[in-house]
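Two complexes follow with chain A in common, the first pairing it with chain B and the second with chain C.
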Partner chain A sequence: MTVTSTEVSLNEDQRDCYQELTNVAMGQAADRLARLLDVYVVLPIPKVNLIESSDLHMAIQDAETDSAMSAVCQGFIGSGIAGEALLLFNDTSFSDLAALMNYGGELDRYGELELLMDVSSLLIGACIQGIGEQLEIHFNQGHPVVLGQHCKVDDILKSGNHQWTKTLAIEIHYTIEHVNIDCDLLLLFTEDSVGKLNNKINYLLD
Partner chain B sequence: MTDSNIEFGDIHWLMDILQNIDVGLVVLDRQYNIQLWNGFMESHSGLSPQKAKGENLFDLFSEIPKDWFMKKAEPVYQLKTRTFTIWEQRPYLFRFKNYRPITGRASVMYQNTSIIPLESINRSVDHICVIIYDVTDIAVSREDVMSANQTLSEFNRTDQLTELTSRGYWLKELDREFLRCQRSVLPSTLVMFDLDDFRSINGHHGHQAGDQVLRSVSEGLRQTLRQTDQICRYGGEVFAALLVDTDEDEAVIFAERVRKMIERMEIKYGQQSIRATASLGIARYQKSFTTAQDWLQAADKALYHAKESGRNKTTVFQPKAH
Partner chain C sequence: MATNVLICDDSSFARKQMARAIPKEWEVDIHFAGDGVEGVQAIREGKGEVVFLDLTMPNLDGYGVLETIRKEDLPAMVIVVSGDIQPDAQDRVKKLGAMAFIKKPIDAEKAREVLTEYGILTGA
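Right, the complex of A and B next:
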């Protein structure tokens, strides 16, 4: 298969539609989290943007160099639409996270890994599922990778697959009331997925 | 008639695939009783599907921590989302032998797992499926890379002859300390020193004896140091020490202690007994330094002065009056 480089573009209607789609998915996700964890998740308006690969590199680089930051990424694919969910924890207190998740173990490196995995399973899973349901796509998810624990940013970004220049990013900023938890969920779609995704969206717009 | 035959055939194939696929598949009900146990699970656990079916997962496999596993599985029932565990969290869920028991280096099978919801006809989730992936090779090679990197960084951090910090690593520390000094009021001082007439030691006693002198002096230095002092073999017979939170007077005390220690030292090499002395130059951090290089140069200047004025002595860098 030869992929001719197609210009990735996004018009205002499509942007609104992605935003609405994500809103609904997040609403569902928040509802589930509320039921499971008994917390109120603050829902902001998701940001839908076309981003450059250098922007992403910088975002992940921060996660790597700043020890106060952690990141988890997980690939997903379905109906020819592929992407990665990236969950970046900014300045999140692990003890608050532990309280939220009813985690009683010690908060050493392994304890933190447990928490990152549990929280990311919930946030990423709920959001991808919500979007998939609306678009009638069944997404398969790969195993999550915790960045900065076992791998270096450069290893991930230089692996050759990153010849894209611009791609669609949906950014959701999660905060949870009364606790010091603040994280960004980035849904990144591959360049060649954006066209297919736009087709699906156009169908919803009609 | 033919249709149902085909369907029956399909199911037969599917069952065959389920049995033979090289991935573990376990279906659990709401009470964590085993409902499906595929060929992979049977082969690795030695437990037949007939024996496993209906049994409680935690009764059969005491290695699975119940609380931990339920934390991963409950959201699957309640939220209908998938959850995952990776080998970095726990090397394995089921304690199985490595698939390559003879040539494989790990004794156990490292596992990643996915837990997926299985919807019943009324769309509720009463069963979950645990999928077990063998990731032993990935885990072993990751751990190899990590330990190789560890060894490499330790290798790069130490000077092979003296086992002091290497010059490269020390220079990075110096850069860091220089930046800290620019912001801080606490003094830090640099000491550079050089063994006097080292060339003649090498000439008289041979290079191996010279190496022994460097090793002995380094050993002596290690005992003189405080924990926060950073010392390296800067090159040849030149050493450099970075004394954090130390002013000039304290550095002079340190330098004199080192000088006397070396002077008193009687270094044995074979039948030979070798004596050495050292000259030392001291430079305190000055606001006028613009780079760490300026600081090094100042200490070097003081060292040069100590050499010029008779050796086996300590000289302090005097910044030019403005």
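Right, the complex of A and C next:
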């Protein structure tokens, strides 16, 4: 039997494995979004990194610090593994999203909120469950919380009360073909969870 | 004679999963490629009579590999194995000449079913 170190670490094989599991899960999420909106979602290669909480903003690809964003956060927990999903939505995406969803009402901040909640529950739910299924973990999801509307990304990230110093961060940048919709989905696992997750991963790698 | 099978995927974990899903009784030489560029090279060298191809890859993605195969008229039967299960993705790869589409994570039974359906795996 191997002795696992309690130190939070990530080797190349593990990173590759997380990336592949995420690849499958985000494909399932994209499929649901594609069917809902009748579009083609462009899938990137997900980024997997161990980061310090102070460097969270650096985990976000092409974070345009000046553009206005809206964000939703949702916690999840299962088999002693916990984390939070953070969906950052570029505010310029709302008009195209409203059109694709045949949103009839006035697109004020309440209208935007409704669209934001719809998209985030779909993307976050499918991604979390997709990763859980592959690792044979059933994740329970908490209530989604709006972290802010029309904010700068730095302010949104600062508003999270993160109880960890180092975390496993998985970042997925979704864009939709031919329309102006882009958003970032970040999955952040707590420091305590990383060791347990790595054990699950090691089992798959054996 | 053993069939040259190429597994083209940027993830070493996915390549291993795919290799495990290949039916044991099928006489094959398995080759690996870590992205589309390596994949095309291997196919040109005759290492990809049957190709299990991922879509999302750096340098040259699976769509690019399919386009190259078509343009250069390379002898390869391609089975796309991808996590991108959107209806559009499946349509596109079929139009580009892929024989079949299998969703990830790869399942050994599904691989056997597809290989049998297209007559690649016979009379075992």
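Heads up, the rule we're going with is that the second predicted complex is superposed on the first by the 172 of 206 C-alpha atoms of A that agree within 3 Å, B and C clash if a C-alpha of one lies under 4 Å from a C-alpha of the other, contacts with A are read in each partner's own complex, and residues count from 1 in each chain.
Heads up, the rule we're going with is that contacts are C-beta pairs under 8 Å (C-beta built on N, C-alpha and C of every residue); 3 or more make two chains touch, one makes a residue touch a chain.
Everything quoted here is computed from the prediction, not taken from an experiment.
Quick one: is A:114 in contact with chain B, with chain C, with both, or with neither? Answer first, second, both or neither.
A:114 contacts chain B only, not chain C.
For A:126, is the partner it touches chain B (first), chain C (second), both, or none of the two (neither)?
The answer is first: A:126 touches chain B but not chain C.
Would you sort A:179 into first (chain B), second (chain C), both or neither based on which partner it touches?
It touches nothing on chain B or chain C.
With the two complexes superposed on chain A, say which partner A:77 touches: chain B (first), chain C (second), both, or neither.
So A:77 meets neither chain B nor chain C here.
Check whether A:134 is in contact with chain B, with chain C, with both or with neither, and answer first, second, both or neither.
In the superposition, A:134 touches chain C alone.
Just chain B (first), just chain C (second), both, or neither: which does A:41 touch?
second
A:23 contacts which: chain B (first), chain C (second), both, neither?
second
Quick check for you: in the superposed arrangement, does A:205 touch first (chain B), second (chain C), both or neither?
second
Report, in rising order, the residues of chain A that make contact with chain B in one complex and with chain C in the other.
35
Considering only the defined contacts, which chain A positions touch chain B in the complex?
Going through chain A, the ones touching chain B are 32, 35-36, 74, 101, 103, 110, 113-114, 117-118, 121-122, 125-126, 129, 141, 143-146, 149-150.
For a test of understanding, state which residues of chain A touch chain C in their complex under the given definition.
These residues of chain A touch chain C: 13, 16-17, 19-20, 23-28, 30-31, 34-35, 40-41, 43-45, 134, 204-205.
Write out the stretch or stretches of chain B touching chain A in their complex.
Touching chain A from chain B are residues 71-72, 74-75, 78-86, 88-89, 112, 114, 133, 142, 146.
Please output the residues of chain C touching chain A within their complex, sorted ascending.
10-14, 55-58, 82-89, 103-105
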